[in-house]
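Here the chain labels run A, B, C and D in written order, and each chain numbers its own residues starting at 1.
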Amino acid sequence: MRFFSDNAAPACPAVMDALVAANRLDTAYDGDAWSQRMDAAFSDLFETQVTAIWVGTGTAANCLALAALCPPTGGILAHRYSHIEMDEAGAPGFYTHGAKIMLLDGDGAKIAPDAIDAAVGLVRKDVHQVQPAALSVTNATEYGLAYTPAEMAALGERAKAHDLGFHVDGARFANAVVSTGASPAELTWKAGVDALSFGFIKNGGMNAEALILFDKIHADNIRRMKKRAGHLSSKGRFAAAQILAMLENDVWLDNARAANAAATTLAEACGKERLVYPVEANELFVKMTADEAAAIRATGFDFYDWAPGEVRLVTSWDQDMDAVDKLAEAIRSL
Amino acid sequence: MRFFSDNAAPACPAVMDALVAANRLDTAYDGDAWSQRMDAAFSDLFETQVTAIWVGTGTAANCLALAALCPPTGGILAHRYSHIEMDEAGAPGFYTHGAKIMLLDGDGAKIAPDAIDAAVGLVRKDVHQVQPAALSVTNATEYGLAYTPAEMAALGERAKAHDLGFHVDGARFANAVVSTGASPAELTWKAGVDALSFGFIKNGGMNAEALILFDKIHADNIRRMKKRAGHLSSKGRFAAAQILAMLENDVWLDNARAANAAATTLAEACGKERLVYPVEANELFVKMTADEAAAIRATGFDFYDWAPGEVRLVTSWDQDMDAVDKLAEAIRSL
Amino acid sequence: MRFFSDNAAPACPAVMDALVAANRLDTAYDGDAWSQRMDAAFSDLFETQVTAIWVGTGTAANCLALAALCPPTGGILAHRYSHIEMDEAGAPGFYTHGAKIMLLDGDGAKIAPDAIDAAVGLVRKDVHQVQPAALSVTNATEYGLAYTPAEMAALGERAKAHDLGFHVDGARFANAVVSTGASPAELTWKAGVDALSFGFIKNGGMNAEALILFDKIHADNIRRMKKRAGHLSSKGRFAAAQILAMLENDVWLDNARAANAAATTLAEACGKERLVYPVEANELFVKMTADEAAAIRATGFDFYDWAPGEVRLVTSWDQDMDAVDKLAEAIRSL
Amino acid sequence: MRFFSDNAAPACPAVMDALVAANRLDTAYDGDAWSQRMDAAFSDLFETQVTAIWVGTGTAANCLALAALCPPTGGILAHRYSHIEMDEAGAPGFYTHGAKIMLLDGDGAKIAPDAIDAAVGLVRKDVHQVQPAALSVTNATEYGLAYTPAEMAALGERAKAHDLGFHVDGARFANAVVSTGASPAELTWKAGVDALSFGFIKNGGMNAEALILFDKIHADNIRRMKKRAGHLSSKGRFAAAQILAMLENDVWLDNARAANAAATTLAEACGKERLVYPVEANELFVKMTADEAAAIRATGFDFYDWAPGEVRLVTSWDQDMDAVDKLAEAIRSL
């Protein structure tokens, strides 16, 4: 019973069915019927006209957005523990041709509006220093916290005040939507977001994510950069089809609800003392001695040690609730 | 009945079955059981120890190889009509950080050893001129010609003489293997090839290609560049599984044989007068007046106009042989 | 008596005097009095408001302009024998982050308007092919030909029609101005030029060139890129002072007149049969057998062999006219 | 009487004389007699065989070295307040094609060996995280502290242990040599340094710095990168000549001694309470209220406010000692 990573989970049935249904002759690249439906499907979801571009990984989605929002000479404000800084092998530097990530602090990988002002305030407005050009936040954060619409709007307001493009890494956007009860629109363009990496893979997809652009200006340039980065799959219908299948019938929301519910069950078992952060998505960071962790593992559960005296539990769209209940029980009985 | 592009064809049954079989919990990225079997499977096929790395597109495979073989300050000898020059949106320039493609001529997008000597000979050996560092050829070529082992060896010999890394774009490598009757080894490392982009997608795959490295030195660097380019899919087992499924039971060869056979049938119908190049893979470039093309299209066949008085026909792994026979008949009766 | 290169010539007296005069305490970088006078001085010369930025080399001037006019995903139309293609070690690829130089032909390194149409016409307007974004021509060309205002206007008209930025490499712009009798304005912005690399070094400067921007939009971005490329000299007053000294009292014109006059004297001695191209600046490409070249060298003259049966002679601002007359005589007596 | 910046100072007489002496016809680029003498002159100075390459700015010297020592996928350990991080407009990102600067802390911009271990220890050895590849320290630091040979050796030992290339930004290397009394060798290759940006401009030069390579392997690649970055000045003799002139007769040491002595005089006037850091080169950071600063300025002295309650004083090679004594007196009488 593994609580390692939502990347380890399989693809959900709707995705597998969609791949089979899409497995017929159609136009190559993104000229097929599925790819052509992307914009409309996401425009419905976001209640405004958007451009939706499929790519194969969250890193590609993030970095294409950042490259559109930040020139090579510019800087990207992001959290010290953000995925783009910590776990993308320097991909933002590659895609932006050397723009600098400017690191912000904040508990649980969450950025406060004041941190933006402070960081911008430190930069002299001359040619010797790199000027901030974009802000990137992750919702839900890398430590499982969700920004509310009000929090996003406050960030967007600061971004606008400092003339920063605003990108959201939504690898777990679905979990944030479910957790906050907010609409996709409220968490994005209504708060001033310019581009969203809308994650599907961790949430039951196979190998496609969506990059959502709320500002049509960037689309052509991003399409070129995507091709130039080798991300224009020649049988693109398989990417579009799996994404559309998750939008239909709210599969993406159902999957995220399941993962979040499992996390909530575990969070209740842990209690406030054990939790390093509030649980607002599908990740838990739990204080646990090495002996305690060993005891739990001995009963058949797998998970990562995160730091001395701290473990990480991640729940997935398909998490078996019996296993969750058993793990909750095991934690309670420590 | 479409003869547009092998990219338009569906994925073959072995691939679809493999995706279903791989759809279970496993380690993320390339830590899964399938990814771990890649090196061994391709080492068997190539009769030598190789490193095999899955990526999502041929452009990514080509450009990772080129970035490993050519520094930013260097040049890549390639054909004027090569895919990397014509149809990858400048991706080699992105991945190599600005290396220059140095264009060679040759009928049917095929490069002769003399052309390499001539191009290298034109370059002054000083810091003012870009120095050639790599050679990239496509087998089968973009115009459907196959290099034989002897031809490849002659190219490899020139590459070695000029200290050039040697890359093969094998988007249609399977078609070349079938066409020449040569072994994968003979067409690659035995001829001095350092890296091969081994195509599966046009040949019945869904969205995975293999980059084969015959020189172990490059592997670590390429793995980093792959991640940095956003090509390390988090559920990589789906990439590895589809590739392995095509290797098993020689699916890749059967698929290529089917496509080549269809092309051969059409080539015979065309006759030498109509064919712009010999047909040695699954593409035909056929002289045809606009009226003739219209007449054939009127009977239900779709294909691209390629140039004034010239059309392109591409056959796929799943080409319906009845349709092929009908098209052959239609061409004969022009 | 050397006719190798105008880069081998010394700096002219006005430049040396200016360096001495500028050798006092002033604000660092480009905050000094001299740098601050650049815009006004060049605006006077060009009869319109321009931005003038000093840099240390022609390569830097060219590539900063190209990087401003062409995105990484774009292409630069330039002559096959242009300096940016042949002799800058791939610098355009570095500064533009991998944009492609698209090569045009034309006698004497001169580009005809039709060649632009033809090159643009070959490109499909899709994401698979690199789209031309800029045109770069050299005036006077690498083979000593000068574009007239009418020729420049025709090029500018094609650039505008195809939405191309228009850059001029003016390493020998002074020679072209003298040769054509045109005003700097006629050869640049009146013909649609967006940016000019205005060369001073070959014409008697020490180590400063001017990048002239006719479109104010680009200036801020270019200043950042210049700093980021390590070209913002901390004692910039020495760069600005030498450039201003050459503008004052028409030193730049006098120097170019002297070099062109020397070339004209030699051209007359050569006669039409020997000249590969008309002599419209300070370079001559002269048909000469190896024996003839040896005979001339034996009388004390140095110059480069350019091709079999062809030598290159370059005259400089300080060319000794006695030596020129002697060389002319030697050529006549062949 | 200005204490703003050593970049504001003029060039010293030896440099001006050398420019005049070099102002004659010679081979272009770095084929001239002066450039050819660089390696030998610096090999003498460093008591080992080195390669010495002139460039126009310290940013170019730093970034060429970093690009040689760190791949695009790697990281550079440097101080949070280092010049490469703070004041080079992201140039390291440009030259390295997007490598990441990994920030270390330490008083006075000085790095302790432990900080290196700590930073390296935080990085997982996988493809998801950027791996440190180089260490860059500034000697004297941006806050006027000098590393001793023992301190440098300790850093070099940590660099070697972690397989890091080791670069020194020596914009004020001369001041560090004078301050520590160490030999150039002891502060560089004897301590494991691979490359040194040897600054001349702040110390009385005009527009040339030297990049010293202690490892011959990198030289060819760096020469190509230098040309590609537009830093191969066509009349390179003027760069080489001014550097050589400062080496001869120990001009570089005399100039640094003068600047350091002026700083020492001021430091003594300030006393320990006012000094933010010990004064070990030619910069002072002095605690001073706004009123105090205004009082001093009223007596004719100019300098920068650095932080609330703190000013910066920089002394130059040509600092008038009367002015220094007057400023010392003014500070004492606060």
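Here is the rule we go by: contacts are C-beta pairs under 8 Å (C-beta built on N, C-alpha and C of every residue); 3 or more make two chains touch, one makes a residue touch a chain.
Since this is a predicted model, take the numbers as computed values, not measurements.
> Which contact partners do chain C and chain D have in common?
Touching chain C as well as chain D, we find A, B.
> Measuring between mean CA coordinates, which chain is farthest from chain A?
C
> Could you please state the distance in Å, as a whole number, between where the Cα atoms of chain A are centred and where those of chain B are centred?
34
> Just the number, please: Cα centre separation of chain A and chain D in whole Å.
Chain centroid spacing, chain A to chain D, equals 42 Å.
> Need the CA-centroid distance for the pair chain B / chain D, whole Å please.
50
> Two or more other chains in contact with one residue: find those residues in chain D.
Counting only residues that touch two or more other chains, chain D contributes 72-73, 88-90, 93-94, 97, 127-128, 224, 227-228, 232.
> Which residues, counting only chain D, touch chain A once they are in their complex?
Those residues of chain D that touch chain A are 72-73, 75, 86-90, 93-94, 96-101, 103, 127-130.
> Which of the residues in chain C end up touching chain A in this complex?
Within the complex, chain C touches chain A at residues 71-73, 97, 127-128, 131, 221, 223-228, 232.
> Going by the contact rule at the top, pick out the chain C residues touching chain D in the complex.
For this pair, the touching residues of chain C are 2, 4-5, 7-11, 16, 19-20, 23-29, 55-60, 63, 88-91, 93-95, 201-202, 206-207, 224, 227-235, 238-239.
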